[in-house]
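Chain lettering (A, B, C and D) follows the sequence in which the chains are written, and residue indices restart at 1 in each chain.
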């Protein structure tokens, strides 16, 4: 039997991409779509609070906005529904809330679900030897993207700060055209310029990662997991 | 007979580079070096006002800072001395002053004296056909550079605004390590990403351009000239 | 009434992309698909010679392979059918054949139908001033692409040779993963490195261009046209 | 007391750069320069065989050509002189010879002595997780460089082949203008494009590395060492 999915942020770019993949999968099916732009009808809900589970045991995949993130987490915790989320722009309070919910339900949150970005994070862990270099993180995304820097860029920046054990200049963000997502890490001395660059070539890279994460998470015990965990 | 040069900003990176080139040239020789870090001695001056020309007819090559730019221009005008300047970070007032001085003396000011940047400016003039694309100018320079964006980036940005006839997002500036100077123009639609990029591979590129400009300017009538004029 | 399209190379990547766009258009409809991998049935043909027009007046859009290009051109000429083609890897003989057919029917052939590549060609026309620089053209494409260098890279290379009036080193080609198409022109002196780069972000860029070209070509008199003509 | 250096390949670009650094050091001094373009005079030799040590105990720093590499190694072994070498384009026979000599004298050979390239080698060791990606190594160097691919590119390529445990396409090499040295590793799937790039911004990066290596090597026991060893 197929596992039911509640897709939050269903009318966004990522939501639509994930729905396409789920529709071509045998393991999952869409139970409800949630978006503030929907009317409440058979398959759609304006808000996750409008949903009555009636005994079903779905999962939530959430690519919505920071503004409703807290209410999604709380609803999942109260209803014991596993949560995969790629929503970015979160506050510290959101992260505390996430961690608390992880005591009750399995949660996988990641600012970027691609293999490549997670490889980049591994590479960053090797850079302590050049901590004297100057570093600069850049992110390029399409002009519809609301948050800047991207959640992924913030993750990479924090990884670098931890490894290099020093402050870094602010991430530089460019929003233009339909760029799927480019992230660059510049490391520069007086004599050398090293660039680690990741380019997403389509949106499927993230949507595929989200569905991959959902498969991995569905039978896990309560806890906060990362994409790194799922990729091991 | 060699033409005398007064080198303003002589203790800076560009000043030292220009002095090297002048010393290997047969056409010019250094008469005075000017820098606030100098003592007044036989060949050095703290300020251009400390110089007594005593009948000589030198040229000024100036790579100093915006703060003293006005006084350099005024001194040149009063003493009828031709001026080549690559000082950046100028105010509107500085440009007005420059233009007035151009009625009395020949002046060539350029934010970037390389051939390549001036080729880039020519390419920009062809971009009106993609005015619907999103544009983003970037500049990367060494961590000793004070002004951001670079004068060159501002020039490229203004060229683009004129050709595209629309506003553009602010120039993005990175300061790291010993980067000589990288400028990029991104033009992005939903389907295509065009990048025009210029990398200076050493400082000589600008210093050579400045000496080239001085040779070109030395016999010109009063007027405000650009590197584009000198390269025709 | 919709204009009938015969799509040659219908089972290839570009063919499928073009069919999607045509199906979402009101101006065109698919009459026949042609591919050597098809059986002859109601809407499909193994070869263009299997088609009996029976009085209809379609156009051909062709993204197939060099091996059958000559027979496609000949069939179009004999049947007075306008032809839009983006097939690459053509021989000199193919180009002569194309030119002859242009005396009878309207033909638009282009190695690359994107706006951006045609802008790049305009920029190339401005580069004579740096003919002393070293030049290197590069192309990057997905690992399914058969010909190397790409037809687009050959076009850019030939444009450069004409403008610079000198020989150039061979185009460098990389085939890897799912890259849609990256073309770079490097111009390098001892002091400067200029890069003009074009990245296609999806295949629609070319398919859109092909359908755009078909609209433009359908009422034109006999002749050989380029994408530059269509974009004026 | 300063350690004597015999500089082989002294009239080449790297040789001159190394001499500049040695002259500004307190620890080393030039005893002899060796180059086929020299006459035998007080400080210069046409060939290393022309040198009579007369009891002195120098080191050799060698940036010459593959053609004379064997004779340099043999001379060092016979005279018990430690050897730092960055000569590239070596044959298998040369490497066997090197290894044998390492039983008698300390030898550090590296195709690239920069910190950054050795960091890149560390990063490569993390890439097994994406062995399904397509890989392509590129190198860009100045138009005076004789060997292609560069020795560094071959080192990176071999590192990748070992880590990924699969064959790779040939390295792509560009020779243009005065590029100091750019190396890129592309890793590409259908959805992601990762680029690890290293740019040398001047020649000092290699010359500094060579002098650093000489300091490290001078008191070591016989053996074959790498730059990785020196950087630990």
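Remarks
Criterion: a residue touches a chain if its C-beta (ideal position, glycine included) is under 8 Å from a C-beta of that chain, and two chains touch if they have at least 3 such contacts.
Here the structure is a predicted model, which is why all the values come from computation and not from measurement.
Looking at chain C and chain D, the chains in contact with each of them are A, B. Note on interfaces A-C and A-D: more C-beta pairs are in contact across A-D. Taking the mean of the C-alpha atoms as each chain's centre, chain A and chain D sit 44 Å apart. Centre-to-centre separation between chain A and chain C, using Cα means, comes to 39 Å.
Shown for chain B are the residues in touch with two or more other chains, namely 177-179, 189-193, 201-202. Every residue of chain B that touches chain C in the complex is listed here, in rising order: 114-116, 119-120, 122-123, 126-127, 129-130, 187, 189-202, 204-205, 208, 231. Every residue of chain A that touches chain B in the complex is listed here, in rising order: 133-136, 138, 140, 142-143, 169, 172, 174-179, 186, 188-193. In the complex of the two chains, the chain B residues touching chain D come out as 177-180, 201-202.
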